[in-house]
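Across the two complexes that follow, subunit A remains constant while its partner is subunit B and subsequently subunit C.
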Partner chain A sequence: MTNRWKNISRAAFAAALMLSASYAEAAGILTIGRREDSTTFDPIKSAQNVDNWVFSNVFDVLVRVDKTGTKLEPGLAESWTISPDGLTYTFKMRDAKFSDGSPITAEDAAFSLLRIRDSKESLWSDSYKIVDTAVATDPKTLTVKLTSASAPFLSQLALPNVSVLSKKAVEAGEEAFAELPTASSGAFTVKEWRRGDRVILEKNPNFWQADRVKLDGVEWISVPDDNTRMLNVQAGQLDTAIFVPFSRVAELKKDPNLVIHTDVSTREDHLLINHEHGALAKKEVRQALDMAIDKKSIVDTVTFGIGTVANSYIPKGSLYHYDANYQYPYDPAKAKAMLAAAGASDLKLNYVVNAGNEVDEQIAVLLQQQLGKAGVTVNLQKVDPSQSWNMLIDGDYDISVMYWTNDILDPDQKTTFVLGHDSNMNYMTRYKNDKVKDLVAAARLELDPTKREAMYVDIQKLAKDDDPLDRPLLQPLYQRLPQGHREFLPEPARPLLPRRYGQELIGSFAPPLS
Partner chain B sequence: MHRYRFVLTRPLQFLPVIFGISVITFILVRLIPGDPARNILGTRATPTAIANIRAQYGLDLPIWQQYLYFLKNLGNGEMGKSILYKIDVLQLVVTRIEPTLALVLSSVILSVLIAVPMAALAARNAGRGPDHAVRIASTFGIGFPPFWLGLMLMILFSVKLDLLPVSGYGATFGDKLAHLILPSLTVALSLSTVLIRSLRAAMIEALKSDVATAARARGMPESIVFWRHVVPNSLVPTINLLAVNIGWLIGGTVVVESVFALPGMGQLLVRAIFSRDYMVVQGVAMVFACATVLVNFMADIVTVAVDPRVKL
Partner chain C sequence: MSAGSITLSPVGWRMFFGRNPMLAIGAGILLAFVLLAIAAPLVAPYDPILQNGEIRLQPPSLLHPFGTDNFGRDILSRVIWGTRIDLQIALIGVAFPFVIGTVVGTIAGFFGGIVDALFMRLVDIILAFPFLVLMLSIIAILGPGLSSFYIAMALVGWVSYARLIRAQILVLKNSDYAVAAVSLGFGRLRIMFRHLLPNAIAGSIVFAMSDAVLVLLSGAAVSYLGLGVQPPVAEWGVMVAEGQSFITTAWWITLFPGLSIVCLAFGFSMLGDALGELLGVHE
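Then we have the complex of A and B:
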């Protein structure tokens, strides 16, 4: 009976067949499991990581981040010059083609850059307001004038959202393009998008580095449930998957068919403190809270030893990270004394927690216990992520934990958000320090890397002193990829190495092991 | 034929029901704290960017005006534009109906295939061993949460035995069928327990009825008495129970779709709620509501057809 049942199902179901017989044909297609499916193929209309991973498979950018994740390298722009005042950038375009065979020109590049700035539907307009004009002076030369000098500008061009799109293809119909782009400038073209299920990509033979792309295709498959996604990898039905729950890593490592990769990520989980709420306005109180928290034990418990305690808002491994930054010691007794001295010995805090998020909920319980030992009463208010975001923007919280991943190589993006004193109220903390504010603005304009690094070290030290934002709780090694039957490591973290799969990593692709 | 007159008049009663549901979902989804524009923009939620998004999607208008636009769109066969996916909601929903419909259909068929023989076995052996066995088994069926049951089935049939796909949907008919086996089994195992209980009770009742006694008096063999007289007479309450459960199932596919990564409307709804994609929540709720109303209508027709005594 078992055999007959087995035969019937194998004969009838292509999926089962594929697993047993046709590995050879499927060898060139990499299947990657992720939580959510894409939402669009128009890069300017999304700010979601899930989309950016696919954008960087399909579209190329003018300037790329290299595989070390610390330097920029030429992409579709073969080379560039910057005027001494830092206002004019002249890019020389490489000889490259879109997947439909038409040449990629400076006209397309200018179009893409102006579109992300001007389109009503662009979610990135504000980031590109720095662009004054972008003109194709000839088919191979793009001249960009900025409204003011900007050190992070080149880094910003590496963002998948500002990828070079075919002007002709987009203008033929924006909505159709967003559904299924007819021309791609990157390593793969979009063959099919089964909404809610998967994105099927096929190698783009016209890609200018097509000889370095060893895969025939990639399928990004949405499997929302963490356990189901892991079972798919264990059963060999997915080659690899991202977002492995911390709690499963140790067990999955024991599976001889799987390889778990842990990479340094730019994710940091921050403890946000509302500087406008009562005693929290005092620097000493914020420092005392930091000392009352045993960060090491939180990180070890929550990440099962995979994460590390972070000591700067610029994550370890990123440009201008200051490794020698001061770390407040864990000292609940001193914390208690400091709170008493600041007149906050019976501090009561409302902690807004993202309900349903395993990591956030665990951190919340641990923080509540630890702060309790220092005499701080913490009330946990669990709300869904969309609501907690709303409460943070409205300042309707005392403390909360949120995480950040870098979008670009340059530290300016995160620095502006957490310390730039702009409309985001410094990561919603309402933090104010004019010295820090001025330094952030000056560092953006400073074009000499050595001087700039020194400025960022100063910012990190200053922020460490009075803004607990700079006391991120943990920096987990975020991208944990159990590996199925193939040697492949995509780098889905959009901050670093957005181009990896187009090159080296696809280069290391090997046939299935089993 | 007058027994079927309700087929013509009943749909008129649906209009106020659907209208009521549209008002309730429209208001409820806006009452959940959270903001679609802030959510979609994330860390880029500057006041100008938020205002821009709100204007684009009409979220800056008074709520009654937004509702009128929603009705106007419905009249034009549109459901507004999704803030997350940037396309028309109807266009989006249409791509997601099939997996949900297939899941509901296959689950119902499987439930009936499990429930009828089990209930018959129990009813014909009422109070004896097989009856107890069926009743104990069905108690377990109610106790297992679907997400856990689904995972167990996956581990057994997909990982250990390597017979069926773990999750997903597939492209061809056979492929889809293979992908539907485990999720519909998960649903059927809990749905059939409810049916078994109702059906067993009705069958025991019918076995004692005058119809059955009269049939036996005419010398009919017990198995014919059972299948020809008892079963049809015990179906009516179960059909209605099934209809109510299908209504519940249409909304309840959310969990099973997530566990088995079926790209259906349940998953679409969950993501839409989390991102406060109002238009999509409204659209999916409307489709679910219409489907539930339709299923109950069909159950009425079937009840009338099965039992000549019923008048509606």
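Then we have the complex of A and C:
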């Protein structure tokens, strides 16, 4: 997790819901509106959700997350075995073909796994350093050896970025492949990419589950303005759209022609505190800040009641989330007293805000007033989102709000990022606690789920006590609906939509009303 | 009334107000806004930055004639307090360029030659950039905030005044009274600023009025982009920006500050036109 670009992607691409005009026919072309266009078709070169949605359409992975979003299921690997020491994984490949008709072999799978680890262009190398060797022992068998046992390894294989690519097609020219992949292992092939405008996909007849794909094609169309995109769906110019602004949900739900799909997201908006700046180094000061913040009112104002107050850095609904975690009460008077006791009664904070981000700006205005009641002066510093991330890395801030969505099922990824004391300085907070650091490392190696859960509960409690605030502020999104990696038309007329665990999209597509 | 000279007699005021309804309307609107700005603490029914979660996004009602925004703040109070900021933007945003432009234009026009060439090439360079782009780049370097906006405005806005004044000075410096002043041995400064400038400045004053409209809109635009006035201060442009995402559900958040911008701009515009007619300046 050292690469800043993958993290920027999380900060820059806002979450929301999905909106769709209900319509009867499932075949044909599905048009989907979204904020931004794709940036590449080479999965290792991107960590942005907008790209991963399309990767999920075009490429398949060895192991998938199931529809419920809680378990793993076979993808291109039909089955697998793990050696008792947890170091050797043996995958049996399914009989499947690329869109160009050539067979998908263990050789391709090994190539793809080693490429994401070794390529200079890869944004994900660090996450796959755990792979020691990956060898095709025969065309149908992939043997992977790890440098050490790793509980999250299988979850990591479900990431669209480590999709199985055709070795032949990639080696024919990486640059060209990133522009227009000539062979795809997934449900669709890329027909055309009009940069900045749309991605046009058409059905891959050679896909191993082609009989379950009812659509002839998908068009991902970028419509940056929220209001325009919503109008396009209402007017029928788009079949569906992602990112429904929170402020519009209630109103759009009233439109009888529209269905709004909501789901629990793994997005959490965190208030980051720079532990190296003055009084913020004191634990009591950080706890006082937590008590000075009325999180309920932030959730109500910013998400229009759609979100919930989060109490742990592991989002609700995710593996090992500790629901009974302590939540500091809202008590500005006590916060003020605590600040005075800690010698920080006239605390002044510089708050770095992502300019132009509606949610961030609203949270900033609310926090400024709430902290003001506890005697804390907050100076808002609006900066461009591309700049704010670097300011955080440089420690050039007192507080700031950033959000995170999980990429994999396993909590290890986020835990390492926020508490693992890795190169990101614990989400740039400069938080230090060796006990937590050791627990995070141990939890990664622990293969017994019960023991592992107990470790994660400990981590969540410790983190809450130490720094209640660089842990989450709120978790937006809705009632729970099935979520998962993909869903291939579970009902006769339900079109295909990409699914990936943890991304904000989630939410099933409209079942026709007729 | 000769072109370019100010010849107002005290008795004339009532006459031309009567004959010139535009002047009365423009001045009236401006005066109303100035009074509103001065009396803001007395007139505004609520604290403009006080948030109240209980009354978010309320449509206009008797309690809140302009409704409330997504933080439960009273829009009417925010519009009234915003008057202070927006008038300040219009005044300071015009004053600095006006003064700088006038001095530069006078010097360039009077001395001519290399001085003139240097200043006018500088003007050409600044004019070569699109106005807003140049403004935004300067603000981006200085950091967001109103003071950066004023500095950017002063650096960019003076060129129009400089050109106007210079053109007038070029004509006037060959007039009889200027030649007479030179032969009487008056100093250059005296000739420039006491003899020539008063006769050259009318066009700039009229232009300043229409420039105020432009400045006001630029201020609103810059704030809209998040580079001007910073939250939670109430400013019309910021209010329009904040209300944008609610435009289909809560139109009142954007409508009232938007109308205020239009009204104030209208006032300046009217006054400018009327003054132009009165002073015999034809743009």
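Note that the second predicted complex is superposed on the first by the 447 of 514 C-alpha atoms of A that agree within 3 Å, B and C clash if a C-alpha of one lies under 4 Å from a C-alpha of the other, contacts with A are read in each partner's own complex, and residues count from 1 in each chain.
FYI, a residue touches a chain if its C-beta (ideal position, glycine included) is under 8 Å from a C-beta of that chain, and two chains touch if they have at least 3 such contacts.
All values reported here derive from a predicted model rather than from experimental measurement.
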Subunit C versus subunit B on the shared subunit A, clash or fit after superposition: fit
Partner chain(s) touched by A:W404 [first = subunit B, second = subunit C, both, neither]: first
Touching partner for A:E251 - first (subunit B), second (subunit C), both, neither: second
Touching partner for A:W80 - first (subunit B), second (subunit C), both, neither: neither
Touching partner for A:N227 - first (subunit B), second (subunit C), both, neither: both
Which of subunit B and subunit C A:Y326 touches, first, second, both or neither: neither
First, second, both or neither for A:K120, with subunit B first and subunit C second: first
First (subunit B), second (subunit C), both or neither touched by A:L380: second
Subunit B versus subunit C as contact partner of A:Q362, first or second or both or neither: second
First (subunit B), second (subunit C), both or neither touched by A:E175: first
Minimum C-alpha separation between subunit B and subunit C after superposing on chain A, in Å: 6
Shared subunit A contacts, counted only where both subunit B and subunit C touch the same residue: 227, 383
Subunit C contact footprint on subunit A (complex, rising order): 226-227, 245, 247-248, 250-251, 297, 300-301, 355-356, 358, 361-362, 364-366, 368-369, 380, 382-383
Residues of subunit A that touch subunit B when the two form their complex: 5-6, 9, 12-16, 19, 36-37, 39-40, 42, 45, 47, 120-121, 123-127, 175, 178-179, 194-198, 221-225, 227-229, 231-232, 234-235, 237, 383-387, 389-391, 393, 404, 417, 422-424
Complex interface listing, subunit C residues touching subunit A: 49, 51, 53, 56, 70-71, 144, 225-227, 230-232, 242, 244-249
Contacting residues of subunit B [partner subunit A, same complex]: 32-35, 38-49, 52, 56, 84-87, 92, 95-96, 99, 147, 151, 154-155, 158-159, 161-172, 174-175, 177-179, 258-261, 263-264, 267-268, 271, 274-276
